[in-house]
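This report concerns only the one structure given below.
Labels A, B and C are assigned to the chains in the order they are written; within every chain, residues are numbered from 1.
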Amino acid sequence: MSSLLAVRELYVKVADRVLVDGVSVTVGAAESVGLVGESGSGKSLTIKAAMRLLPRGLKASGEIVFDGQDVLTSSRKELARYRAGDVGLIHQDPRAHINPSRTIGQFVTEGVVDTGQMTAAQAREAACALMRDVGIGDAERRMHQYPHQLSGGLLQRVMIVAALLPGPRLIFADEPTTALDVTVQSEVMAILLEQIQDQGRSLLFVTHDLDLAAAVTDRLAVMYAGTIVETGRSEELCARPLHPYTAGLLRSRPSTTQVRRLEAIPGRPIAAYEVGTGCPFSGRCAFTEDRCRIERPARRELEGREVACHRAEELRECVS
Amino acid sequence: MALAWSRVVPRAAGAGSPLLLVSGAAAGLLTLLAVVGPWLTPYEADATDVLAASQGPGAQHWLGTDSLGRDILSRALAGARLSFAGPALVVLISAVLGTALALFSAWHGGWVDRACNRLLNVMFAVPGILVAVLSSAVFGAGFWAPVLALGLVYAPYMARVVRSVAVRERHRGYVESLQLAGMSPLRIGLRHLLPNVFPILLAQATYGFGTALADFAAVSFLGLGIQPPEAEWGVMVAEGRSELLDGAVQQSLVAGTLIVVTVVAFNVLGAQLAGGRR
Amino acid sequence: MRRTIGAVSGALATIVAASFVIYAGLSVAPGDPVARILGPRATDEARAAVRAQLGLDDPLLERYWHWLTAALQGDLGRSLTYRQEVAGLLGPRLETTLMLVAMAASLVLVVGVAVGVAGGVARRGRPVVAGLVALGVAVPSFVAANLLIGVFAVQLGWFPTYGAGDGFWDKMWHLTLPAVALSIGYGAYVAQLTSAAVEEESGKEYVETSRGRGIPAGIIVRRHVLRNAALPVLTASGLAVAGLVSGTLIVEQAFGVDGIGALLVQSVSSKDYDVVTAVSLLIVIVFVVMTTMIDVVQVALDPRERAGT
C-alpha cells in the first residue's frame, strides 16, 4: 500500500539535544494511525515537524513525504498549499489556539478565504453546513459569537470544522479531547471520527491514552523517549503487546470491569537526550539484562509487527 | 545585609551576561567618581577666570571652560556629588516608604490591601516632575524640595514590586508557623519577608536611580532645584543652554553626556538585576 | 458599563482631591501676596483691608470652597506678576502647548509604534531596536533640547533657537525641535512596550494555528498579532501622551516657548500662586482624563470585557 504520509528517520534537535530520535511512521490513504506515548515522548513534536510548525530553535532532519512531496524541503509556496489544503491540524487546547478577539465565523473561514480556496460567502455557507453536521445548533448565531461565549466542547467542534473546511486528505489530531470535560470527550471524538471516516480522510492521532487510540485507529505506534518502540495493528498490539513498555502502559490503565490496584511503571519517563547507549527503556524495564544497557535494540519484524526489544521473542509470553 | 547580598550575587553571576558586567562596572565607576570626584578637581569648581572664558578643550582645561571661565572638568567632577546625592536619597526614601506600604498591605490583605492598591493606582497617575515643581513652590527651591517630592512619587513603583513578592511569601507555610510560634508581625516582616524582597527591591532601586537622576537634574535645570553657582549636572546643562548661542557647546555636551551615560548604566544594570523582567 | 462609571467617578474624585492638595499646599507656601499687591510701604490698615478682601484670615476649608466655586464659574484668580486674570493668561498659552503636545504625540505614536513593530516582528532587528530604546529612554528632554538647538538651530540654522512663533505654519516650524525633544523619551517607551507586546503575541498558540492553516505571514501579523497587541500599545501610548503634557514644563522652558508649562515654572519662581494652582490643576486634569479614557477604551476594545460586567 502506498502511503499518503511517510515519516522516515525523523530527528528533531534543539542545539545538540535530541528530542525526536529517528521516528518512522506511515499513514495510508483513509487509514487512521495512533501515535501513543507519555508526555515528553516526542509525539507532538513529530506532528509539528510534519507541519513544519516546530518552535524556533528546533531543527528537524530526515524525510517527511506527503503524496510524493518532501515537506521539510518544500518551498514556501508549496508549504502554504500543503498546510492550507492537504492537511488539517486539530490542537489540544481550543481556547488557546483560537484568537479570543475574533468571532467564530472569522476564525472558521479565514483559512480557506485567505488562501484563496473559497470566497467569503462560500466559506460562510460551507462552514454553517459543516457546523450543523458536527452538531452545532444555530450555526448562524454561533458565527457571530466570540470564543469566550462557547464551552470547551463546542469550541473544539469549531476547531474541527475549521480543520475540515478546506477538505484536507489528512488530519493531524494532537490530543484533541484531553483539554475537554470528561463528559464531552467521547462525543467530540465520535464527531471527529465520523467526519474522517465518512469522507475517507486519513488521521494521525496523537494521544497518551492507549485505550482511546486502540479504539479509534487501525494501527498504533508506541513512542518512548523520542523513538518508536513498537508498531502494529491496534487490536493485536493491545491484545498481545511485544514490548515491555507497551505492556506496562496497558497494565497501568484502570479497568472498567474490575477494581484492582494499578501497576505503575516504576521510575519516570526520560527524554531522548537522556538516553545512553543502551535501550531507552532499560532503566525502568523489569526484564533488563546487561545487553539492554549496552546495545540499543533496532526495530525489527516479529509476528508481522515491529518491535525494538532484544528480548521480544523470549518475553512473548511473560509481558502480556 | 550580608545575607541579602549573597542571595543577589549568585543569581546575577549566574546570568553571566556581558551587559551586566559592563553596566555594573560603569555604574560602580560613576558612583565612585561621585564620592571622590570633588577631591580630584584640577581647579576650584567655582573659580572664575574671565581671561580664559568659553575655551574649547585644551591642555590647560581638558574639557574647556564655561562663559565665566570656570573649568568644566572640575565642575563636572564636583557636581557629580550633588547629582548623585539627590537621586540616591530619592531612591532611599521611596524604598523605605514603598516597602513599608507594601509589607503593611500584603500583611493585612483584604480591604487594607485593596485600599492600598487604590492609593497606589492614584499615585501612579501623578506626573513626577509636576509634583517636584510644586514642592519647590511650597518648600522653596533647593535640594530638599525635589528630593522629598520625587521620593514620594517613586514610592508606588517600589511598593508594586515589593508587594508582589511579599504577597507570595506571605502565603508560604513558614510565615504562618512563625506566627503561630508567637513571633510579632513586625519581626517576621523585618527578619523574614524583607530578605526575600531585597533582591527585587535592589533591582527596582537601581532602575529607579537612573530615572530619579534625570528628574532631579531636570528640576535643577528649571532653576527650582540646586541653585547656581553650585555645581550640579542639571545646572550645568541650563548654563550650557545659554552658551550654545555663542557656539560654545562644551558645557552642554559634557553635562548632557554624563547624565545620559549614568542613566543608561543604571537602567541597564537594574534591568539585568531584575533578570530581564522589566 | 459599570466599569466605565467607576472609572469616571474615580477620575472626578482624583481631580477634586488633587485640587485640594494643591490648594492647601500652596496656601502654606512662603511669600506674602499682600506685600506683593501693596508694595513694602503700605500701612497696617491697608494691609488688613486687603487681607480681609482676599479672605486670607478665613479657615483653609472655607477659602478652598470659595476658590473652588469661583473656579467652576471660570474665575481662576489674578496673576500678581502679570496683573491680569489667570483665565486670560491661559488661553493663548494653552493653544501653543496643545499644538506642541499634538506634534510630539504624533511623533511618539508614529515613530514609536513603527519602531516597536519592526523590533517585534523582525527578529534580526531586535538588538538594534533594544539599543535605540535603551538610549532613547535615558535621554532627558532638556539634554536633547541642548543637542537639538546646538546642531539644528545654531550650527545648521534650520530652525529658530527660541520662541513659539506666530501663525500656524510659523508656530509649527518653531515647535518642531521642542516636539522632537519632548517625544524622544516617551517614543522610546512606546517602542519598547510595542515591541514586547508584538513579540508576545507572535508566540501565542493561535498564531501557530493560523500558520498551520497556510495563511500568509503578512496577514497573520496584521490581523492577529498587531490587532491583539493593540491593547497594550494603546495603553502605553495613552500614558505617554498624558506624560507629554507634564513634559512641556521642561521643554517649553528649554526652548523658550511661552506655553502653560513655562508659565507654571515661571510662576513658581515668582511665587504667583493663583497661576500655579490653575496651571498645575489643568495638567492634573489632562492627565486624569487621558488615563480614564485609556481605561474606558480598553473595555470597549476587548470582547471579553465588553460582554462581561
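Throughout what follows, a residue touches a chain if its C-beta (ideal position, glycine included) is under 8 Å from a C-beta of that chain, and two chains touch if they have at least 3 such contacts.
Note that this is a predicted model, so its numbers are computed, not measured.
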Topology of the chain contact graph, where touching chains are joined (line, ring, star, complete, other): line
Chain-chain pair with the highest tally of contacting C-beta pairs: B-C
From subunit C, the most remote chain by mean C-alpha position: A
For subunit B paired with subunit C, centre-to-centre distance based on mean C-alpha positions, whole Å: 23
Cα-centroid distance, subunit A relative to subunit B, in whole angstrom: 55
Contacts with 2+ other chains: residues of subunit B: none
Residue ranges of subunit A in contact with subunit C within the complex: 51, 53, 79-85, 89, 91, 93, 96-102, 110-111, 114-115, 146, 148-149, 162
Subunit A partner contacts - residues on subunit C that touch it in the complex: 204-206, 208-216, 219, 223-224, 227-228, 302-304, 307
Subunit B residues touching subunit C - in the complex, by the definition given at the top: 122, 125-130, 133-134, 136-141, 210, 214, 217-218, 221-224, 234, 237-238, 240-241, 244-245, 247, 249, 252-253, 255-256, 259-260, 263-264, 267-268
Complex contact set, residues of subunit C against subunit B: 14, 17-18, 22, 25-26, 28-30, 134-135, 137-143, 145-147, 149-150, 154, 161, 242-243, 245-247, 249-250, 253-254, 264-265, 268-269, 271, 273, 276, 280, 283-284, 287-288, 291
